[in-house]
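Below: a set of structures, written as structure tokens.
What follows is a pair of complexes built around chain A, which joins chain B in one and chain C in the other.
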Partner chain A sequence: MLGGIIEFLLLKQSLPIGISLLISATVVSLIAVLIHRLFIAKTKNATELSLIIMTIGISITIRGIVGILVDKNAHPVKPFLSFSSVSLFNLVFSSQYVIVIFSTLVLAFLLYFYLKKTLSGKIMQAVSMNSLAARLFGIDVGLVQMSSFAISGFIGALAGAIIAPISFVQYDMGIMFGLKGFAACVVGGFGNNNGALIGGLIIGVAESLSAGYISSSYKDLIAFLIMILVLFVKPSGLFASKDIERI
Partner chain B sequence: MNKKTFLLLLFILTMAVGVVIKNPFILNMLSMAALTLIVVTGLNLLLGFAGQISLGHAGFVALGAYISSLLSVKLGINPWAAIFIAVLVSSLFGAIIGYPTLKLKSHYLAMATLAIGEIIHIVVNNYVELTGGPQGFSGMPMLSLFGFMLDNETKFYFFIWPVTFLLILLSVNLVESRFGRAYKAIKSKENAAYAFGVNVHMYKVFIFTVSVFYASLAGALYAFYIGFISPSSFGLTQSIDYIVMVVIGGMGNFFGIFFTTIILSVLPNILTSIEDYWPIVNGLLLIFAMMVIPNGMKRLFSWIK
Partner chain C sequence: MLKVENLSVYYNKALAIDNISLEIKKDEAVCVLGSNGAGKTSLLNAIFNTVHKEGRVIFNSVDISKMPTHKIADMGMVYVPDKRTVFNELSVYENLEVAAHKIIKRKGKREFAKNLDAIFDQFGNLYEKRSLKAGYLSGGEQQMLSVAQGLIRSPVMFVMDEPTAGLSPKLMDVVFDFISFMRTQHITILIVEQNVNKTLKATDRAYIMEVGKIVDSGFSKDLLDSESIKKAYLGG
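This part shows the complex of A and B:
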């Protein structure tokens, strides 16, 4: 949400799209680091539950502040490309959708590359598996957590900014995206990036189909229904990797 | 001091307040606080004792409110029977939906329950033919008890507070039973509880169902008290309000939660000028509570055994 809002504010100053995209993502990742520094790292005897409650607190505070500083209305953002549609095999796409799909694939590839092939990515995975053991191997766990906050803030802001021309920007636009992203993870299976991509695809297609065949007002419902169905039938997700601890 | 003695003292105090205060505005505020307290007491069992988060409790309140209102208005069923059926159906729904979702842990559980709350909200908001959609739903008859119509603020006050205390007593008893000890074990070390033969998953589903029971009962009573319900009273904001009350009250502490809930549900009515800032206040309260006083107001009431 912050990504979209900051981009909207920068574009209003008639900055070029590339620069505003970069600035908004950087600013948000700095904010994420700041949040980690100020709140998360300072919390003593943090349990998982207390951190969850705290992040809920942080998210409603940010939403509240933006709701007052900017306003609560939905604002349109103009598409990134000058031409509005692309046609491919007799199918016509809006140009922004092409950008979204393209950047999703690029980001997914980069993330995969980072986590599997680079040393710092492997360290991050080690910390997430067992932070105590990672610390014993001489890894600075605090630093790794901070950089994971920065990366997730950066990607989240980028996503918000890229989707903005399609969805409009609004102070509470993030909740639905967060929930749908979560639903995609459940369907695809946690700890499996490719599974999450396919899960997202399944949910997106199901939503559009239901909007066409049933009613568009219930299309948000479909994502959650699919998620709960998957939880019932195969809680580890459709494409789960073997060792899932979360479920 | 014994927990139940203190509860009795509080009960006498609230009854005295009801006798002394004649202002319908204040009585109405306190009755609404009692309804909120019912939901929060249920959520406290889930979050405070079993350590399982739910971000969808406003959805269950909505379920109780809408089912009971629809039954009584559209089918002309007696209000009490409608409330009974609504609570039963909602609890059953909670048990069914809780079974898969409580397999999830920590923030995955938070997201899943948030999604459940959203589902209920979306259905209520969009099924206009049945629920009236965003315009709301009204026409519920007044409740009557033994020939007494609960038709003004004072009468409802003297109805809702005893009910609330009864429900608090119920949850105190539940926590101090053999059940309660199992939940303490689950909260502190789930694997250890499992090793000692506690069926962790079924216990979680049970406590979730109990808390849905509390939420839907409060919702049904709210619907018949106010006589008008709309989806905006059962959104994410309310779910988060409930969480704030449990957390600041000191998770698991009945009396901290008692006072926090009353204060936090009365304050927004008095400070109407800062309505826009309320979410920020809530957010900061949560952050502050987790950083500085992770036990909330527990220490204030530690003398009650």
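This part shows the complex of A and C:
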């Protein structure tokens, strides 16, 4: 949400799209770092659950602050390309979808490359798997966690800014995207970035089909029905990475 | 090289280590023996500052009592805890790469490759499985990988917590062979073990712990002949 809002405010000042994207992503990335330093890193005896609850609380607070400082109305944002629609195989869709698909693929590739091919990406994975061992190898776990917050803030802001021309920007625009992102992760399988990507595609296509063939009123319902179905059939997700642990 | 002074460790109000002091000199191999619950693991965790403690720990004349764990590790101390240090979802090669990240950053990939060759010379089966995820290794192989992760960092001191736990007698021999190898490389060793006989044979000195206190200490070869040690730990 913050990425979309900041981008909207910057575009209103007639800044170019590229610059406004970069600024909004950087600002949100810094806010994410601040949240990590002020709250996450300072929590004593933190458990995963307590941290999840804390971040939900922080997101509600940020939403409230934005609602007060900006406003609660939905604001339109112009598509990034000069032409508003694209026609492909007799299908006509907003040109912004091209940007969304292209950006998703680029970001997914960059994230994959960083995590799998670079040493600092492997260190980030190592910290998530065994933080004590990481500390014993001289890794500053706090710094790595802070970097992961910075990266997720940057990517989240870009996503919010890029989707803004499709969804409009509003102080609470992130709630449904967050929930559907969670559903996509559940469908694809936690711990598998590519799985989450495919999960998102499955949910998105199912939503559109249901909107076309049944009713757009049930669009959101379909996403969560698929999630519940997957949880019933394969709780670890369709493409879950196998958790390997020797006992 | 390592001095522990008046160390106490509490878990909430339960006393795990009660005001102990010990010293390990450069190039020495020292073991800490004792039954379960004696406080051996707490001692190692306190040295590496992963538990709350009172007292002082000095390494190479530097007070490391309040130093963060990752900075203690940076000083050339390696700790292989009983829970092992492998990263299950990373390959064997990546596990070694992460362990040696400081060498890669400071001295470059070439130095890492040199160390890696030396490690694979010692641990042939790890070379064969270098592309396999560490989580798929057997318990013994994971233990070997943990030791290899420590060795690839060119440590000055190697600390191990029950490295033979859960291993077959054959693999135990391999672990003790590596302890002998480390001694030839002038690496100072502190080891906590349950296998009293083999550990005393592989080390210079020993401390015996019981319910959080050091109750005996001396040269390993003397303790090996001690009647009380034979009675308590060697079944006779």
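The working rule: the second predicted complex is superposed on the first by the 239 of 247 C-alpha atoms of A that agree within 3 Å, B and C clash if a C-alpha of one lies under 4 Å from a C-alpha of the other, contacts with A are read in each partner's own complex, and residues count from 1 in each chain.
By definition in this document, contacts are C-beta pairs under 8 Å (C-beta built on N, C-alpha and C of every residue); 3 or more make two chains touch, one makes a residue touch a chain.
The shown structure was predicted, so the numbers you read here are calculated from the model rather than taken from an experiment.
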{"item": "Clash or fit, chain B versus chain C on superposed chain A", "value": "fit"}
{"item": "Which superposed partner A:K122 touches (first chain B, second chain C, both, neither)", "value": "second"}
{"item": "Where the C-alpha centre of chain A sits as vertex, the angle toward chain B and chain C in the overlay (nearest 10 degrees)", "value": "90"}
{"item": "Contacts of A:I60 with chain B and chain C, given as first, second, both or neither", "value": "first"}
{"item": "Which of chain B and chain C A:L136 touches, first, second, both or neither", "value": "second"}
{"item": "First (chain B), second (chain C), both or neither touched by A:M227", "value": "first"}
{"item": "Chain A residues touched - chain C or chain B, whichever exceeds", "value": "B"}
{"item": "Partner chain(s) touched by A:F89 [first = chain B, second = chain C, both, neither]", "value": "neither"}
{"item": "Which of chain B and chain C A:Y213 touches, first, second, both or neither", "value": "neither"}
{"item": "Gap in Å between nearest CA atoms once chain C and chain B share a frame through chain A", "value": "15"}
{"item": "Residues of chain A contacting chain B in one complex and chain C in the other", "value": "246"}
{"item": "Chain A - residues contacting chain B, complex", "value": "39, 42-46, 48-65, 67-68, 175, 178-179, 182-183, 186, 190, 215, 217-218, 220-221, 224-225, 227-228, 231-232, 235, 246-247"}
{"item": "Sites on chain B touched by chain A in the complex", "value": "51, 53, 55, 97, 99-101, 103-108, 110-112, 114-116, 118-119, 122-123, 126, 236, 240, 243, 247, 276-280, 282-287, 289-291, 294"}
{"item": "Chain A residues within the chain C interface of the complex", "value": "119, 122-123, 125-126, 129-130, 132-141, 241, 243-246"}
{"item": "Residue ranges of chain C touching chain A (in the complex, touch as defined)", "value": "48, 50, 68-71, 73-74, 78-79, 81, 83-90, 94, 97-99, 101-102, 104-105, 133, 135-139, 142, 149, 153"}
